[in-house]
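Please go over the structures that come below.
In the two complexes that follow, chain A is the common piece, with chain B as its partner first and chain C second.
Moving on, here comes the complex of A and B:
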């Protein structure tokens, strides 16, 4: 038997809705098989991986905490990718936003007012946007490939942070360990409930809503998509691809910077060499998993966060290796992207006997 | 279909919500920075956990989370364990310090033990080992074995524990050869076999013929083995990875400490505090002295005995810093607090500490 993929005349709406469901189903089957092979009760494994994190208030709030930076960065990246600008450097913009926002509590420790936190957030946005504009400008002015420049600037940003916390910003009372002083309470995010969830969750929802409206209902949203699909057509409509590049990098850099400062002033409370477990890169996956649609990205961010939490859960509850959760995470992403094929293609099964007959 | 899913999930929820919490008297849990298979730092902590399992049998249940980065994820991992019914939680990396304290405040009934930090609370104790004792011994061996009078030192991060290790190594070497050189290479990671191996190659290319490390993988020693040079193991006995290269290894043996602390929780006698033990208490153990001339091995054994008995202290003056300023007067001994917060190099180290 042979399987053929036949291109559909138009995208299948039914499959667009069905493919994520099929993907999750295949992941469940595959995970169960992996658990079975490694001698773990597959039902217990699946329960810990996908359901346990949703069963109590604490893990739900942790789910939100984990998803917030992924979603914020993801919606910013969507603007870039929709307009054909390939920003791979969100991790660096996240880091610089965290640094510029932290300047206020670290350099002005006595400035403790209700305006401290909002000003920090603004500083974070501006820092991230400015850092995002570097690859943007290099592209528009010199035609430099933004994939390379934005990626390389990630290393510059993380090493800069590393230098700051070991050098000029190191806590003088910290026995020489690489970290800054803890932020004062006026510089910390406002918490929701007694967990680690903060107003950053609300900020994220507002940003998702604004971006969804902008992309779907405004001229700017139309401009983004037209320039992404066909720069020539955009030019005829009077849109400038160069301005769009700068706009997209500023928006995604700014949102990454906002995520950075909210993470630092929220869950960490100080600067240290490592402030992100790769959010800027994971958000690229989230952006595509959410089909570059803000609401989709919100869901995708929560799903990816679920796999992180579930991955920890199987380690603790079942004593399996962390590698297992990494594998299952990869499998989920693989099936989601693979099932998208069904939207554009139809699958046809051709039995070999008929094929043999045709050649005879 | 939907109904079936619903049924399945309810069944799952009931079926597995109840299996947890068996008859064990206590659940002891660990948070690891690396994979349990690093054959270095984390591996040794996990060996300590397995010692607890063996010692207590069914009385104590254990769990761990590995590969937890020192960022925002650390607090969640620790809190998950606290919520999961762990009675004592060992957090085994410096960067877990503040998250450990934050979670400890929320769970006053759970005991926390943070390795290598300096902050304590009513339910947070700290523990670490005097690795510098072993470093002094291997420094002395290095100076006796090296033909070129120069060793390489692969270092992770310039924190006091690492700096005091480098200093102890060079002081040990200088006690044999006052002109001994040590090249420090920072790899900015605790566990990165690729980077560690590259650093080792660079060190040998620059003329050193012996290598030591304050990182957790076996890669540097394997490079030494390939090139026919000598080196020292780190955290665990790495002789299997470098049968003709490893001279000895500074082994971290956490088992006795873990058993002692878990027993204290079971007895209700656990109190907070700061534990810093070394060769004497058996928390630092030297692997067999191999691939060495007999007299060198014998001298090393003798030195080990002297340090363990307290007859000799690795940081005995006179000790000068890089600028030639006297830090420890002749005959005096550096105080524990000064070793734990050490942020200066002794004279003779060819490197600048990031200030």
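Moving on, here comes the complex of A and C:
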């Protein structure tokens, strides 16, 4: 049997909406198969993975807590990917944002005013944006491949944080644990409800709305898409690809930095060697699952957050390793990319005996 | 002092070999016009498969074979998406890395903390007794020899064989290659699979020779450094080898500087002593920062880069019908 692709006359709008849904469906089928192979009742497994986290208030608020960084980073990455800039170093920009934002409570512990938190968020955004601009500038100035440089900077940022919390910023009263002092209350996010959910959820909604408007309604949004689809057409329209690269890296770095500082000032409350379970990388999956559309990314972020929670659920309830959720995230991205083919092409399966066309 | 030099050079070889193995495979992939960013994922799968198979059977050879197989399976998965389904190569490569890191963590859960199988050193009779070079070049494990042989073989294949010419033609102009009747997709599948096997070997080297144990994410970005090496080498096999050894040297430098802390040999100048006080995290950053610096330096010289860049690198191919 052969697979043949036939280019569609124009992109299929129906498939553009359906393809992420099909991908999620295939991932569910895939997880059922994995449960079956590992000797776990597939229905119980799927229930723990995808349904149980939605059944009580505590885990619903945890869902939001985990979705916030994924969505924030994801919408930033969407600007990059739409404009053909491949920033995969969001994890590093997240880390640096957390560090620059934390400078305020850690270096100025007596500065406790209503302005403390907003200033921290600004510092986080600026730190993340500056760190994001490094690969951006190296690309525009020297033509260095941004995929590799942005990724290398993740390792640098993680090691830098490790040095800070074990060295100069270590809490002297922390019993030798590698962590900083807990932030003072003026430096903590304002909590919503009893759980760990904070105003960061509202900030995220505002950012998603702003980005949706920017991409759909403004000239900047048009510029992003034109330069991404055809740099030549963009040049004729008078758009500068270099400025766009810097813009995209600054936006995505800034949003990753914002996610970083909100994570440490909200969920964690201090700096420690590990402040993210790989949000910066999972957000790449979120961006693609959401089809690089802010509203889609909001939904995709919740789906990915569900896999984190469900992963913990299957470990507690069924004794299946929570690492399975990382595998499912990777598989999900594969299915998303495979299903995206359906948007541009019709797929024909051709049996070796006779030519039979099957439309997918 | 000679002994120390030999000891340092030996560690350079162990640090360079996984980079060389992975990079030489990726070089062939990219010469065929495909950009596979999933080297890290294939490599880490090779590491876990190699460790597991060697531990179960006690045979290092079986470990190596399983590692290659794991790399090839991952590579074919990538190939199916980008070659058959024409998915975006950058995104699919990232997906392969994310999947590999996750899957290897899951599969390797029970391997953590287990003692591993170490590949034996194969001493070449006669030559291994030579002073200095004997221990350096002729008393290594099989994967080091393979890495040398692969570099020479790939250089010969690409520039001296007809099949290599076809592969480069496919990478430089897939439209023309197709028009001439060459099977573009099949050539690319073969190249991608070869890249996977090489990345698997690199992984096996890490878990069977470099540190014979399984640690989650033990590749630590080496797959990405290998990708950078291909650019650094402007797609030329022997330059990949030089690059791998330079990077190997930078990596081991950090260990040796740390080892010197507090017991500085008298013949070393004073400032080296100051250098050894650098926090270990900053020393560990060196290979990553060096990668960035090297990429910038290479990219500044656009003419040499463009000369050897496969013209169709990363561009999807759908035959007209």
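Definition applied: the second predicted complex is superposed on the first by the 335 of 360 C-alpha atoms of A that agree within 3 Å, B and C clash if a C-alpha of one lies under 4 Å from a C-alpha of the other, contacts with A are read in each partner's own complex, and residues count from 1 in each chain.
In this section, a residue touches a chain if its C-beta (ideal position, glycine included) is under 8 Å from a C-beta of that chain, and two chains touch if they have at least 3 such contacts.
Since we're looking at a predicted model, the values are computed, not measured.
In the overlay built on the shared chain, the residue A:321 is in contact with chain B and with chain C. Judged by the touch definition given at the top, the superposed model places A:186 against neither chain B nor chain C.
Residue contacts after overlaying the shared chain place A:312 against chain B, while chain C stays out of touching range.
Using the contact criterion defined above for the overlaid structures, shared-chain residue A:295 touches neither chain B nor chain C, since it reaches no partner.
Of the two partner chains, chain B and chain C are each touched by A:162. Contact with neither chain B nor chain C is seen for A:60 once the two complexes are overlaid on the shared chain. When the shared chain is aligned, no partner comes close enough to touch A:199: not chain B, not chain C.
Of the two partner chains placed by the overlay, neither chain B nor chain C lies in contact with A:22.
Chain A uses residues 162-163, 166-167, 321, 323 to touch chain B in one structure and chain C in the other.
Chain C makes touch with chain A in their complex at residues 37, 77, 81, 84-88, 90-92, 94-95, 98-103, 105-106, 109, 220-221, 224, 227-228, 231, 279, 281-282, 284-285, 288-289, 291-292, 295-296, 298-300, 302, 305, 318, 321. Every residue of chain B that touches chain A in the complex is listed here, in rising order: 9, 12-13, 15-17, 19-20, 29, 35-36, 63-67, 69-73, 75-77, 79-81, 83-84, 94-95, 98, 118, 157-160, 163, 188, 340-343, 354-355. By the touch rule above, chain A contacts chain C in their complex via residues 3-7, 86, 88, 138, 142-145, 147-149, 151-153, 155-156, 159-160, 162-163, 166-167, 281, 284-285, 288, 321, 323-324, 326-327, 329-331, 333-334, 337-338, 340-341, 344-345, 347. Across the complex, chain B is touched by residues 43-44, 46-48, 51, 55, 58-59, 62, 65-66, 162-163, 166-167, 175-178, 182, 196, 263, 267-270, 272-277, 308-309, 312-313, 315-317, 319, 321-323 of chain A.
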